[in-house]
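In the part that follows, the structures are each spelled out as C-alpha cells.
There are two complexes below, and they share subunit A, which is joined by subunit B in the first and by subunit C in the second.
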Partner chain A sequence: MSAVAFKSAVDEGVVEELRAIVGDDERVLPNVSSRVNRTRVPAPFPVHRWADHMPDVAVLPRSAEEVSEVVKLANRLRIPVVPRAGGTGLSDGAVPMRGRGGFLVDVKLMNEIHEIDLTDRTVTVGPGINMLKLNEQLRPHGVFYPDDPASYPCSLVGGRIGTGGWSLLGARFGHTRDLVISMQVVLPSGEIADIGEGGGRKLRKSSTGLTLKHLFTGHQGTLGICTEATLDLVPRPEVEFAAFFAFDDYMKAWRTTGSLTKSGLATLAGVVLFDEWKLRYLRRDDEAYIPQPPDVVSVIAVAMYGTRAEVEPASKVIMQLGRSEGGRYLGDEISQGDWASRHDRYATPLHGRTRDGQAVPMSWHCEDAALNYSVLPQVREEWHAIVDRYINEYEVFDDWGMFAYTNGAHRPWADYLVEIDVGIWEQRLDDETWEAWVRCKREIAEVSLKHGGSITACHGATREGDAELVPSEMGSSWEVVKRIKRALDPNNIMNPGKQSMDEAYR
Partner chain B sequence: MTYSPSGDGELQREFVERWRDNAYGCFSSGHKFCREVCPVMQVTRNENHTPTAFHANIVAMEQGLASVEDVADDYVHCTQCGACELRCPNTLFTGDFYRHRTRTVDVVKAMRALMVATGNEQPGYRTWNERLAEAHNEPVLGDVPVSQEHVADWAAGLEIPVGGETILFVDCEAAFYRTSYPRAFAQLLRRADVAFGLMREQWCCGGPAAEMGYVDLARKHAEHNVEDWRAVGAKRIIAPDPHDYIAFTEDYPSYFGDDYDFEIVLGVELVAELVREGALELTRAVERTVTYHDPCRLNKRRGVHEAPRALLRAVPGLTFKDVDHVTQWSYCSGGGGGLPVEKPQIAHEIARRRVDRAAAMEVDALVSACPWSERPLSDAGALEVIDLFELLAHSAGIEVGGHASAEVRA
Partner chain C sequence: MSIFRLGDQRPPAPRQISDDVVMRFDDVYEVAPEKMQVFPQQELPAWDTKRIVDGRWDHLDWMHDHFADAVLSTGLESETMPPEEMPSEETRDG
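Right after this comes the complex of A and B.
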C-alpha cells in the first residue's frame, strides 16, 4: 500500500474499520501524501528523518461521535492517536513522536459555529475553526473572540486549547484558557465528557466538583481530543492604540517595560520588549525593517484596546511612561503599521547568516519560556551565550534575537513569555547537527529552570530537548501528573511520548 | 503517451530541481497563512489540498518519500486563483528586496504537466483536452459539440469584419455559452468608435490546456492564434476574458520570447478608459442594487480591481454595495483552473458559498467580469448574475442580444 511502512498495529483491516466508522473513504487517508503532509509543524524538523515521524493513517472526523469511535478502536488495539488541528504549533504537539505512527485525527472539518449567544455572550464552535474566520462571522454582532496569537490567520481553536495558547492581547482579554468557558472532550477511553466550571456550559466560574477545565487546556493532546468549545465573546473594542518606543540601552527599555506593566491601566493589552540581538537581526536581514539610527538597540511595543472613554486618557499615560527613561516615540506610522502587521511579521525570516556573513536559507525556530520580570536581563545574556557557542561550533545556526511579551492574563506586571529566535539551516541538518540542536534547546530550557521559570509559556514541552526536563520542572507534582495520565489513559494511546509522559507507565 | 518508468524518474528529478528552492521557501517557514484564503481548502479542509502541501510534496519527493503518482490528486484541488501567493508572508515581506513571489500557481501547472508526461493523467482532463484537440475550442456545451463553423455565431448581425490591426479575441465560454457577454462588449466598443475585427480562424487561447498540464496542446493553439494574427497584420489584441488575458500576457511570452510583440489590451481596462474619456456615455438609469465579484484572474492574479469598480460607480441609478478586493482574496467562483472539469462538486460548493455571501448583503444581483465565473455563480441559483459589460451596455442603451447559457445553441 505504501512506500513507508506502518509503525503501529495499523493494517488494511484497521483501515477498513476506520472507513466503517466514518462511512466515507475520502476521510480515511492511508496514502503517502496524506501522511507526508501531517508529519510536520513549523518547528524545525529533521527533514532527513521525515519518515520516522509519519503517522500511519489520517482520519478526518466530522463529529464527536466519530472521534469517539476512532479513539475506542485505537484503545482496543493499542494504536497511538495524535490529534491535529491547524498544525501550526512550534513544538511538534500535532505530529507523532519518532517511530510511533498511529492514527492522526485531523479535526479541520469540524469547523462549524454551533451557536452565537449574544445574551450570555458565548459562541460555541467546533475545534477546526480559525479565529480570523470566526471573527469575520462575529463582526456584524459587535463582538469578537480576542485570542490573537502570531498565527491568528491560520491556527485553529482546537490546537489553541490543546497547547494552552498565548495571545498578543492576553494582558487585556486573557489567553486561550481564560477565554474557553467550557468544552467537550473525547477521553482516551473514547468516552465523551463535558468539561467546564461545575456543570454549566456557559458559566465562567463555579466551585462544584473539581476544576477540570485547566486540566484540559494545555495538555498537548495527551489527555483527549477537544470536539467542541464554548468561548467568551468580548465587546468589539471601540479604539485600538499602539505605540512603539526606541531606546539606546536595553536596561532602560526593560525598566520602562516594568513601569508600563505596573501602571494599572486596565486597557493595556500587551507590551513587547525587543532586545539588542533582535534589533541587530532586523537591521541585518529583515527587508521590511524601517531603518533606525544606530544608537537604537532596543524597542518596546505597547498596545491598548477598549472604549474611547478609557483608551484616550490612558494613551497619555502610556506616552509619558514610554518616554520616562529616555524612550523615543517612533511615530504613528510605524506604531500603527507594525502593530497592524504583527501576524505577518512573525513569519518573515527566510534566510539567515552563517558566522562568516554568508546569507543562506534558514527556517525559524522560536524557543519559548515563562519567566518573571526580574530575571529577564540575566536570562537574555545566558541564552545568547548558549546560541553563540552553537553558532561557533556548527555552520547551521544563527541568532535572531529575543522578544519578551507580557504573559499574565489581566495582570501583566510580572510574567513574561520570552522567546529566542534561532535560525536553522534545515537543508543541512543531519544526525550530528540535529543532536546539537536538541542539546542547544535543552541548555536554553535549563537556564529558564535555574531562574525559577518554566520551559515553555505556550509552545509546549513536547519533544526531545524539552520533554526530558518536564519531570524535573514539575518536581513533586510530577507524581500527580503521572497518576492522572495513567488513570485517564491506561493504555498510553493519547499522543504518547509527549512531555515524557511514558514515565507514567514504568 | 508511452509510460516509461526510467524516463519518469528523470522528469521527476528535473521538476524537483526546478522547484525545490521555491518549495523550500514555503516549507522552511511553514506558517500556512494561505490556507484560510484558499477556496478549495475552505471547502475540503483537507491539508493535502493546501498550497503548503503543494510545496511540501516537492521537498518530500526530493527526500525520496513520494512520487508523482502519490501526490497527483493533491494538485487537482486548485483553481489557480492566486490567493495563496498574495497571502504568503514571504511574498508580502520579502518581495521587495529579493523580488520574490512565492510561485504556487506555476507549481500546480508544472506538476500537472508532469502528471501528463508520466502517465498520471486525470480522466476528466484527458477527455476535455481530447475534445479541445478535435474542435479547437473547449467543449463548453457539454455533449453538444462546438465547432469552427459556429465560433463566430455570437456576433450574428453585428457585421464585424475579419482581420485588421486590432483583433477582438472571443473563444470558448464566451463564444458558445454566454454570447451576451461578447455581444455586449463588442457593441460597447462600437459605440465608442473603436475599430476592430475578428480572427480568420478563432481557436481557444490554449490557457486552460496549459492549466491542466497539456503543454503541447496549449502551445499548438498559441502558435495557431499568433499565426492568424500575423497573417492579417494585427498589432493589438483585445482580450475581454481575463483568462485569455492571462494566457496572452503570461503563457504566450514564455512560448515566443522577443518575437511576441503584440499589444494586449484587457477589456475592462479599455472600457473604463472609454468611459473616463467620455467616448462612451452611460445614460440609461439602472435601478438595481448589486455587489461585485472580483474575478480571481483580475484581482488576485493581476491586481485589477479599480477599473471594474469605477465602471459600476459610473452607472446612473445603480446602488453598488462593495466588498473590498482584499476581503475577496478568499472568494472564488470555483470556475478556474479546470476544477469544475475534474472536481465539479467542490467547484459548485465554492460558487454556492460565494453567492450566499452576496445574497446576505441584500442585493438583487451579483455582477462579475469574467464569463468563466458567471456560469458557476449562476448555477448556484441564489441570485441573478450579471456580467459587467452586459450591465454597461444596458446603461448605454444597447440592446445586447445573445444568450447567457447553452439554451439557444440549437
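Right after this comes the complex of A and C.
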C-alpha cells in the first residue's frame, strides 16, 4: 500500500499496529475517501479548507476492548483521538480540529442490543445503534426509548451521550442525560470504567461516591469514548396530540407560550414558538404555511404524549390556553402533519435565498442557546439585527428565523432551547466569508451571555466562534473544568482543542 | 389497469400562488421559476411528482404510527383559512 501523508504522528507503522488491534484490515481505513467522509458534520463547514480537518486514519472497533487498545496506542504515541458516532451533530464535536489529524474512532459497528430488561425497564446497547432502529426492536414489547432529536432517523446513541443531546419530547420524557442510566466509558488512558449512579448499572438514583454520570454526558468526546449504555424505557404512548396556533403578533404568542408551559400538564412533551422571521422563511416553500393569510406572523406548536386517560382531557386545556390571547387553531390536518414533519427540516437544500430572492443551495447553521423565558423577545431583536448586518455585507448568508423550544426536562416552564437558523451558501465560502461567519456567530453567542444564558443548549461549544467563549461562560468553575481534563487526560489526546480545553495544559 | 401515455406525463402550466410560489397540481407548491435562475428547476414528469407526494403522506403516516398507537384529533378545521384553501383529501389520496 502506498504511503499516506499524515499530519500527526500516524505513519504506516501505526496503521499496522491498529490493524493488529482490530484484526481486520477492513476496519482500519487510511484511504482518502474514508477520511474525507468523516471530516465534517451537517453544520456549515469551511469547505475550502476541507483537507485541514481530515483525520489521518479512521478505525471502526467492534468492542470496548478494541477501543481501549486503540486509545492506549494513541496515548503512548500522543496521537489525537476524535470519537464519532452518526456524525450528525450541529457543532464540531466529531470533526478533527484544523491541522491536528489523528485517529477517528467511528463506533457505528458497535450497534448491538445487549439486553432488554422488561422487569426493571432498561435496554443496554452499544453506542452505534440508532434510536429509530432501537425503537423498532422495542415496539413488540410495548416500551419506547423517547430520545427524539431532529436527527432521529440517523443519529446514534453514542453521539447523543457525547454531545449531551436534547430531545424534542424532553419536556415529557427528559433529554439524553436524563434517559441514560449508566454507561461504560473508555478513558483517555485506555482504562474501561463503569459510570452510573453509585455502582448500580440499572439504578436511576444513588448518593454513593460522586455522581459522575453527568460529567460523562455532553463532554463532546473530550473525556473518553462511550462503549455501552443502559437506557431507560417508558411505556409506549397510547396517543399523540399536536396542536398548532397562529398569531397576528409575536408578543401574544410569547405570552401564550408562557401560559401553556406553566399549565402543569404532565403529558406536555414540547411547546415551540416560531417568530416572524421563521414564518417568512416557511412561507417560501412549506406547504403548511404558504397558504396562510398575511396576518399569521407567529406560530406555536404543542405536542403531548401519554395514555388516552391523561392526554384527552389535557388536550382540552391546551385548546383553551392556545386561544387565550387570540391564537387561532391551524386545524387537525396541518397540526398533525407538521408535527409528523418535525425531523424533516434537518436537510434544507435550496431553501436559501440571495438578497434579490434567488433560490440557492445553502447549508443550515442553527446557532443554539439556552435562555430564560423572560429574555426571549429582546434576544430575538438583537440576534436578527446581527444577522441582518452580515447579510447586507456578504452575499452568502440568509436569515431563516428563530424558534424557542421548551428546554427543561419535566419542568418546561422557564427556560428554552433557542435557535436562530442561518443559511450559508457554502460553495461561495472563502477565508474572508468564513471569518465573517465566525464573527457573526461569536456576536450571537455574546448576546446570549449578556442576557444570562448559555451559548449552547445542546449542540456544543466546540467550534470557533463558540469555543473561545467557554471560559468566560464557565467563570469560576473553569479552573475546575481544566483540572478534571488534565487529571483524566494528561497527554491531551482525547478530542484535543475542543471547548478551549487546550488551556488546561498551559 | 391504466395505460402509460407519455403525453399525460407533461405537468400542467403553473398557476401563480404568490410572488415566490407557483402550483401545477393542487396543493403541490413549487418555487416560482423566475426565482430559480441560479439553479434552474428540474423538470419532473407527472408520475414522479405523484410518487413524491404519495411518499410524503406515507412518511407522515409512518411517523404517527412509530411514536404512538393513535393520534388524537379535535375534529376542528383551520381557523385561519377558508375551507376551500385547505389541502384537499383528493391530493392526499393521490
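Just so it is clear, the second predicted complex is superposed on the first by the 491 of 506 C-alpha atoms of A that agree within 3 Å, B and C clash if a C-alpha of one lies under 4 Å from a C-alpha of the other, contacts with A are read in each partner's own complex, and residues count from 1 in each chain.
By our rule, a contact is a pair of C-beta atoms (placed from the backbone, for glycine too) under 8 Å apart; a residue touches a chain by one contact, two chains touch by 3 or more.
Fair warning: this is a prediction, and the values are worked out from it, not measured in the lab.
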* To do: Return first, second, both or neither, reflecting whether A:M319 touches subunit B, subunit C, both chains, or no partner chain.
  => second
* To do: Considering only touches as defined above, state whether A:S206 meets subunit B (first), subunit C (second), both or neither.
  => neither
* To do: Based on the superposed arrangement, let me know which partner A:N392 touches: subunit B (first), subunit C (second), both, or neither?
  => neither
* Asked: Does subunit B (first) or subunit C (second) touch A:P293, or do both, or does neither?
  -> second
* Given the touch rule stated above, what does A:P361 touch, subunit B (first), subunit C (second), both, or neither? -> both
* Using the touch definition from the top, say if A:R236 reaches subunit B (first), subunit C (second), both or neither. => second
* Counting only touches as set out at the top, which of subunit B and subunit C does A:T307 meet: first, second, both, neither? -> neither
* After superposition on the shared chain, which partner residues are touched by A:D332: those of subunit B (first), subunit C (second), both, or neither? -> second
* Structure fact -> Shared subunit A footprint, subunit B vs subunit C, residue numbers 132, 287, 343, 350, 361
* To do: Within their complex, state which residues of subunit A touch subunit C.
  => 132, 135, 144, 148, 236-243, 246, 283-285, 287, 290-293, 296, 305, 308, 311-312, 315, 319, 328-334, 336-337, 340-341, 343, 350, 353-354, 357-361
* Structure fact -> Touching subunit B in the complex, subunit A uses residues 3-4, 29, 31-34, 36-38, 40-42, 47-48, 50-51, 60, 86-88, 106, 108-109, 111, 128, 130, 132-133, 151, 153-154, 286-288, 343-350, 361-364, 426-427
* List of subunit B residues in touch with subunit A within their complex -> 21, 24-25, 27-33, 35-36, 45-48, 50, 52-53, 56-57, 59-60, 63, 65-67, 70-71, 73-74, 87, 89-90, 92-94, 96-98, 100
* Interface residues, subunit C side, partner subunit A - complex -> 17-18, 20-21, 27-31, 35-39, 59-60, 63-64, 66-81, 85-87
